[in-house]
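Two complexes, one shared chain (chain A), two partners (chain B, chain C).
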Partner chain A sequence: MTQPLAELLVFQVGARVFAAAVQDVVRIGSVRDVPPEELVEGTSLGSTLGRERGIVVSDHQLGTEATLVVDQVLGVRSVPEGEVHPLPAFAAAVLRTAAVAGFVMLDEAPTLLVDLLTLIRERRAAAAA
Partner chain B sequence: MADSFDLDDSPRRPRAKGGKAGKAAPPARPARPASRAPRARRPARGAGAAEITDALLQIADGHHGIRLDLASFADPALREVAAAVNASDERVQRDLTEFQVRVKAVSDGVDEAVEAMIRLVVQGDLSSELRLGVTDAALTPLIAGIGQVMETLKRFTTEIREAALQLSTSAAEVLAAATQNESSTAAQASSIHETTATMEELKGASHQIAENAQMVAVIAEQTLTGARQGEGSIKLFAESMQKVRTNAVEVDDAISKLSRRVERIGTVVEVIDEIADRSDLLALNAALEGAKAGEAGRGFSIVAAEMRRLAENVMESTKEIKNLITEIRESTHAAKEASDGNKRMAGEGEKLAGTAMQSVTGILTGIQETSDAARVIHLATQQQRTATEQVVQSMSEIEEVTRQAQSGSRQATGAASELTKLAERLAELVKRFKVD
Partner chain C sequence: MSAASDGLDSAGGSAKTGPEAWFFCLRIMGGRYAFEAPLVVEVVRLGPLTRLPAAPAFLPGVFTHRGEVLPVLDIGQLVGQGAVPIRSSTRAAVVRCGPWKVAVVSDGVEGLVSIPRRALEAPPAESIGMAEFLSAVGRDRGGAIAILDLPRLVEAARARAVPAGSGPA
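== the complex of A and B ==
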């Protein structure tokens, strides 16, 4: 019996690798093709180094798109859904952001699963404040 | 001179003190032979001319007091002659007695005058006047002559005293001069000896200098040859530097061309890299869409992944090319700098070669002059050595002459010293004569 797979977009911010659900991503573009005001960076994931790629996310409530600046998009990975885990209560209490939805084991290493829309909203809220 | 004034010797006296006039000079007439001794008076019988003749001969022989017995002469004429003989003899005897008295008086006066003069001379008292009791007019010339003699002697003594004083002074000066001359001669002899020794050393030094000058001339000649070789080498070096500079310019042009080519390659690589990046982006989005499509998009995702892998390979290759281009740029830049350095160094080398050539030319001139000067020095030092040897010879002769002069000076000093003593002795002797 085949276990259902979860499709994840794996990207890198600074030296850390993160994962996000492909359904949250509209497309992947180049940072230099996007107007600066539409770029989102300096999020709780950390600071970027190369600023090569931008992950375009659609906010259906606002009807806008935002581009999250990352250093590198490593690719699309299909992992068994059993490898995807919710965030433990202790970790959820410690983390200051709500954008981390859980973690997934990639190459036997736990990788944070990021809710891109929540991440962008938190950053915009922080910027507005 | 001293012999003339030997006052210890008494003057000769013409006669002994108290001498009698009767014992005076022999008679002018030669003495009769011994056979003609006074004849005995004949007896009174028959006296004649023979007795008269005999009496006259005795009178002629200086025998007086003869008396002919007139009565014995029978002949009146002979008796008168005999009487005349007796009268004549009496008269002669009387005159003789008077003459003898007169002679004795004169002789005593002469003796007195001479003794007085001798006494004054012996006593050295020339200042006193000659006082005589003699009044005989016949002695007046003698007394006047003695007075003149005394005056002359007094004048001589005065002059001798002055001369002795001057002689003493002059002798002292001569002694001082001789002593000074002796010390000067000794110092001169010492100086000449030192000078001779110095000239000997100078002769050795001249010999050494001549040898060194010869050596310098040889070395200068060798240096001249070496400098000429160096001049040729510098010319070759200058030509090499010129070639190096020409080659450096050509290398510089080649590097510039290479640099432009590399820049062009970089531009192309940038385009390729951009295309690869776009391809990677497209592959990512394709994979993303494939993943969104689920199982239906699985094959699409695989193709997208393969495309992405190719794009990444391209980007990896372009990255390597960029690194290579960067290395080429750095190498080209280094080569350009090296080429510029070569050109600069070649230019400086040419300048240095020119400067070195000028220096070598100057050195050649200097060495030539040095060589000429060394030869001249060698010749001059040879002449100097010859002259020095002559000087040494002359100095040796001078030293010998000076040694003789020193000996003579020493003798002169001794003589002057002796002369001084004699002058003092003379002054002392002259002082014994009182003239004032």
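== the complex of A and C ==
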């Protein structure tokens, strides 16, 4: 029996590679034409180097869209759901962000799985504080 | 290497009742530290660490071991005595403390040690650094050993971390 697949968007912030559920992404585009107030950067994932691309995420609660600034979008990967691991309980209990949802094994390397909406909400809350 | 193959099971059975108390000893920051042997699941060589964003200094990362993702706990960082150097040869004791399973990173693993219960003494009455988490001090042929209350230390690490949502992102 084949395992269900998880569809993941793989992207890069600084030197690090992350993954996120494709279903959380509205579209991918350039950041040049996006109003500054819709751009989200300086998140807990780290600082961007080139600000090349934007991952647009919809916040259905607020009825708004936000664009997460990243350096590169590396593509979409389909991986067996068995390759997706939750964050270890101790790590989840001590991290200062709830945006790291777990890990996915990509090319035998553990890659952080990011909850994009939580990441953006946390960054906006920090900026507003 | 499985710690069970080092005789931990038999040690655990007698740890509470025999004249000898069994502990698992690590070298950390130049000292010999030990904790209750039955807490140790196994000893592993650390694989490549994946660092986590917004992690406290005492959590240098996670690594995969037999398909399981394990968090690494640096006790030196937790008690403010500096980081335990992590190299390809670094070994860690995987321990289970209540709901938490963590890999305690060390400078070196000594393994099981037994100390006569009558030789265990109360720790110094200090409340800073590693001394805050000592439950006893003892001595074997290798010299002095500080006995850590590991469950209390791990719980203190969790409590000291700023929970997600209440700190800077």
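To be clear about the criterion, the second predicted complex is superposed on the first by the 129 of 129 C-alpha atoms of A that agree within 3 Å, B and C clash if a C-alpha of one lies under 4 Å from a C-alpha of the other, contacts with A are read in each partner's own complex, and residues count from 1 in each chain.
Definition applied: a residue touches a chain if its C-beta (ideal position, glycine included) is under 8 Å from a C-beta of that chain, and two chains touch if they have at least 3 such contacts.
What you see is a predicted model; the values in this text were computed from it and never measured.
Because the two structures share chain A, they can be overlaid on it, and in that overlay chain B and chain C fit beside each other without clashing. Touch criterion met: A:G75 reaches chain B, while chain C stays clear of it.
Applying the stated contact rule after C-alpha superposition, one finds that A:E122 touches chain C and leaves chain B untouched.
Of the two partner chains placed by the overlay, only chain C lies in contact with A:P88; chain B stays clear of it. Comparing chain B with chain C, the partner in contact with more residues of chain A is C. Judged by the touch definition given at the top, the superposed model places A:R27 against chain B, while chain C stays out of reach.
For the pair chain B and chain C, the least inter-chain C-alpha distance in the overlaid model is 25 Å. Contact residues on chain B toward chain A in their complex (touch as defined above): 277-278, 281, 284-285, 287-288, 290-292, 294, 301, 305, 308. Contact residues of chain A toward chain C in the complex are 43-46, 85, 87-91, 93-100, 103, 105, 109-112, 122-123, 125-126.
Those residues of chain C that touch chain A in the complex are listed here as 48, 50, 52-56, 58-59, 62-64, 68-71, 73, 99-102, 154, 157-158, 161-165, 167-169. On the side of chain A, the complex with chain B involves touching residues 7, 9, 22-23, 25, 27-30, 53, 73, 75-76, 78.
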